[in-house]
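Each of the two complexes below includes chain A, the first together with chain B, the second together with chain C.
On to the complex of A and B.
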């Protein structure tokens, strides 16, 4: 079974499902605006006191906020719903239904759910990035744009891998829903460039939960701070995370017994 | 009265026994939650340092004290969520609770109160680690400790009332997530959860005086780490009592008309 075709089929089902509830679009839009508004209030409080924060100007931090919002939309539309369903399936024993299907189990559990309306955050994030870019009076070169997109995709893949690894813990530990909360909390740290955090926290946000790669690095690409070396480093880290998460998933799966179904 | 006391003691005991079993899960939850104040703390410490040691009258050590105590107050502020109310009403779970000879809200208050005692216990090592990292400046008087220990429970009750009222909107409409988000946004700004209220523009501070939010965050924290006089401390507790009393009366009023609306959508 072609994994891309499989993902696309589930995507289509997800969109069709969500299209039945169109008013949710407006609700999601309102929620996105609330989070932008609180973000802006936070920024204005900070810049009521200083003109730059650890070397980042106000429009630059607006770009960080945009990337954070965009990536948050990706997490909530694709990654988180699939992983939460996986946790439930492991606990209830209903993962059997996915495992007996003639497709790669990891692909299958990663594409089954799709929250279409959450993509509103992606659009709103792009608008915020656009506004920040206009305020920066910057020009977006083709190389810069490619760097930004590459950083964004690699960051997304890394976040997915971390989610999968953490979710794989549910093969051993029963109550893991708090993990979603833990992850959301750590992801919130990406609202600010990781450079402002103390060393131990910055290391954690780079290597344990790669918020640095998911938010700060793409934002650096936009604000002309990114070097080719960091991008290569990000690529290496992405490969490492992919291999590690695949390994842990398989280890967890061999531990699964489908107890309650 | 006797049956209420028995009910509360039994529910709290159940909560304590069941939550202790999940201490790993509780720690995951608490660590996830602690990142929020750490972010604020780092941002404001950076600002204070950039400005030569102080921002809005707070030194780095004062910010550290504020946000470390914040973590306990935030833990005390976790109550039965409005999303829980939504689920309870939408799925018809409330029907079962209505059969009991006691108001369902007592169950929430008692269970979460029991859980809090576990949380306070689990919080202590976390606070020690945070203090070791961020070096807070504490200058605490006995009276402040007494008022703080009362105020965190006052905050718990006020927030229970507020979030129950919020959740009860589900009796009238099941599309509530945006309303909840709006509430949490306002609370973030007006309670002292984002920054100490004194860093806010004056008009926001004035506005917050007429709203319940700051009595659930800013007041308990400031009671311990700030420099309030005894009169200020006790009048703060008085304000909490006022909000609890009026909130309870209002909750009863709303409950009477809400329960008539109840149709157990999915039950």
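On to the complex of A and C.
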């Protein structure tokens, strides 16, 4: 079975079903606006005091906020729902069903859920990025755009890998739901460029929970401060995360024995 | 003919952490954890021919589900060899998984919020079933189980029985050659159990599928399985025809006697099981049945007398108790 085709089938059915619950669209829209509003208030508080923050100007930080919102939408629409379902499946023993299917188990557990309306955040994030870009009066070169997209995809993949690793822990420790709250807290820190944080936190946000790669690096690409070396480094990190998470997943799987005998 | 399923000297042992109750023990076990080995399956061997429907019986915790999970590739055996359709299930090769299905009566695989028809579509995608074949199988199954009006409703709005029927359709859409059914009728009412039983029988006959079934409802086993394998504490107690099991282990018959005078004490004739007004049921050793019947009829005035085989549930029960006594 072609994994892309499989993912697409899940996507299509997920969308068709969520379309029935239009109220969720408005709720999500409201939530997006609230987070944009609080973000803007935060920005104006900061720039009431200073003119730059760790070398970032106001419109540049608006771009960071936009990327943060966009990536948050990706997490909440695809990554988090799938990983939470995986945790439930491990706890209830229903993962058995996924494992008796003729498909790669990791692919299967990563594409089953899709929260369509959460994509509103992705759209709103893009709008915010657009506004920031207009304020920057910058021009978007093709290389810059490609760098931005590459950084965005790699950041998303890295976040997925971290989620998968954390979720794989549920093979040994059955209750890991609290971890998703912890993750949300750490991700919130990505609203600001990681450069503003003390060293220890910045290291954590770079290597443990790669919020730096998911938000700051794409924003850097957009604001013309990303070097090819950084991008290459991000690529290396992505590969490392992919390999590590796949390994941990397989180890967890071999340890899995179902919730009841 | 090569058997479809062959299991030889299969054992599956679990290591489970063990601690006594209380705070102190809990803290100690954080640092110094003691493990106990549980022999869920202990040296089981059997083989099943193509097209056979075999009942897998045993009390809770006997090792039935563990065996089914090993067969469907979910658990690695501690020792022993397992072969199904020429594959080693543990390797979970996609070619193997495409030909088998695992149905668990107490767990759902269909998505709670989706209508069944969408979940079926997902199954089609996963198994890569060609569309015309998929549609035909799906519609056949929906007809057979009378689900037509329900396939567009979200699963959460269905009754337990309706949901189970949907589960079975979903699990068999790829027309597996081997079915592992773990309590497929658990918690369902009699009518629904019958419907599901009839469907399994139909499926077995139409596609020549091999079925290994566990159930606590002996009616399922009687209706579907000529052969049964009885396991207890992870070991095989019996493997053979259901009828042999009954003659081998059922050494009693049940006599129903209706007397005009309900005061008469019948305990000298056999063990009194129930007494309901004028109707008394007695348990009598099989070898003495004719003697006791003759005595009853000559000694007393009897309005009605019936002789019945022990119900299959009681037979199974006596297999287990007998085994406990030997131990």
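Brief remarks follow.
Simple rule for what comes next: the second predicted complex is superposed on the first by the 259 of 261 C-alpha atoms of A that agree within 3 Å, B and C clash if a C-alpha of one lies under 4 Å from a C-alpha of the other, contacts with A are read in each partner's own complex, and residues count from 1 in each chain.
One rule holds for everything that comes next: a residue touches a chain if its C-beta (ideal position, glycine included) is under 8 Å from a C-beta of that chain, and two chains touch if they have at least 3 such contacts.
Because the structure is a prediction, the values reported are computed rather than measured.
Looking at the shared chain after the overlay, A:17 reaches chain C, while chain B stays out of its contact range. By the touch criterion defined above, A:232 lies against neither chain B nor chain C after alignment on the C-alpha atoms of chain A.
Look at A:189: by the touch rule set out above, it reaches chain B but stays clear of chain C.
Once the two complexes are overlaid on the shared chain, A:40 sits clear of chain B and of chain C alike. Of the two partner chains, chain C is the only one that A:6 touches; chain B does not reach it. In the superposed model, A:96 makes contact with chain C only, not with chain B. Using the contact criterion defined above for the overlaid structures, shared-chain residue A:53 touches chain B, although it does not reach chain C. In the superposed model, A:108 makes contact with chain C only, not with chain B. Between chain B and chain C, the partner in contact with more residues of chain A is B. Counting contacts as defined above, no chain A residue meets chain B in one complex and chain C in the other.
Listing the residues of chain A that touch chain B in their complex gives 23, 27, 30-31, 34-35, 37-38, 41-42, 45-46, 49-50, 53-54, 173, 175-179, 181-186, 188-189, 191-192, 196-198, 200-201. If you check the complex, the residues on chain B that touch chain A are 22, 24-26, 28-29, 31-36, 38-39, 42-43, 46-47, 50-51, 55-56, 133, 175, 177-178, 181-182, 185, 188-189, 194-195, 199-200.
Per the touch definition, chain A reaches chain C in the complex via residues 1, 5-6, 9-10, 13, 16-17, 92-94, 96-97, 99-103, 108, 254, 257-258, 260-261. On the chain C side of its complex with chain A, the touching residues are 14, 38, 40, 61, 63, 65-66, 69, 72-76, 92, 94-95, 97-98, 100-102, 104, 107-109, 113-114, 118, 121-122, 125-128.
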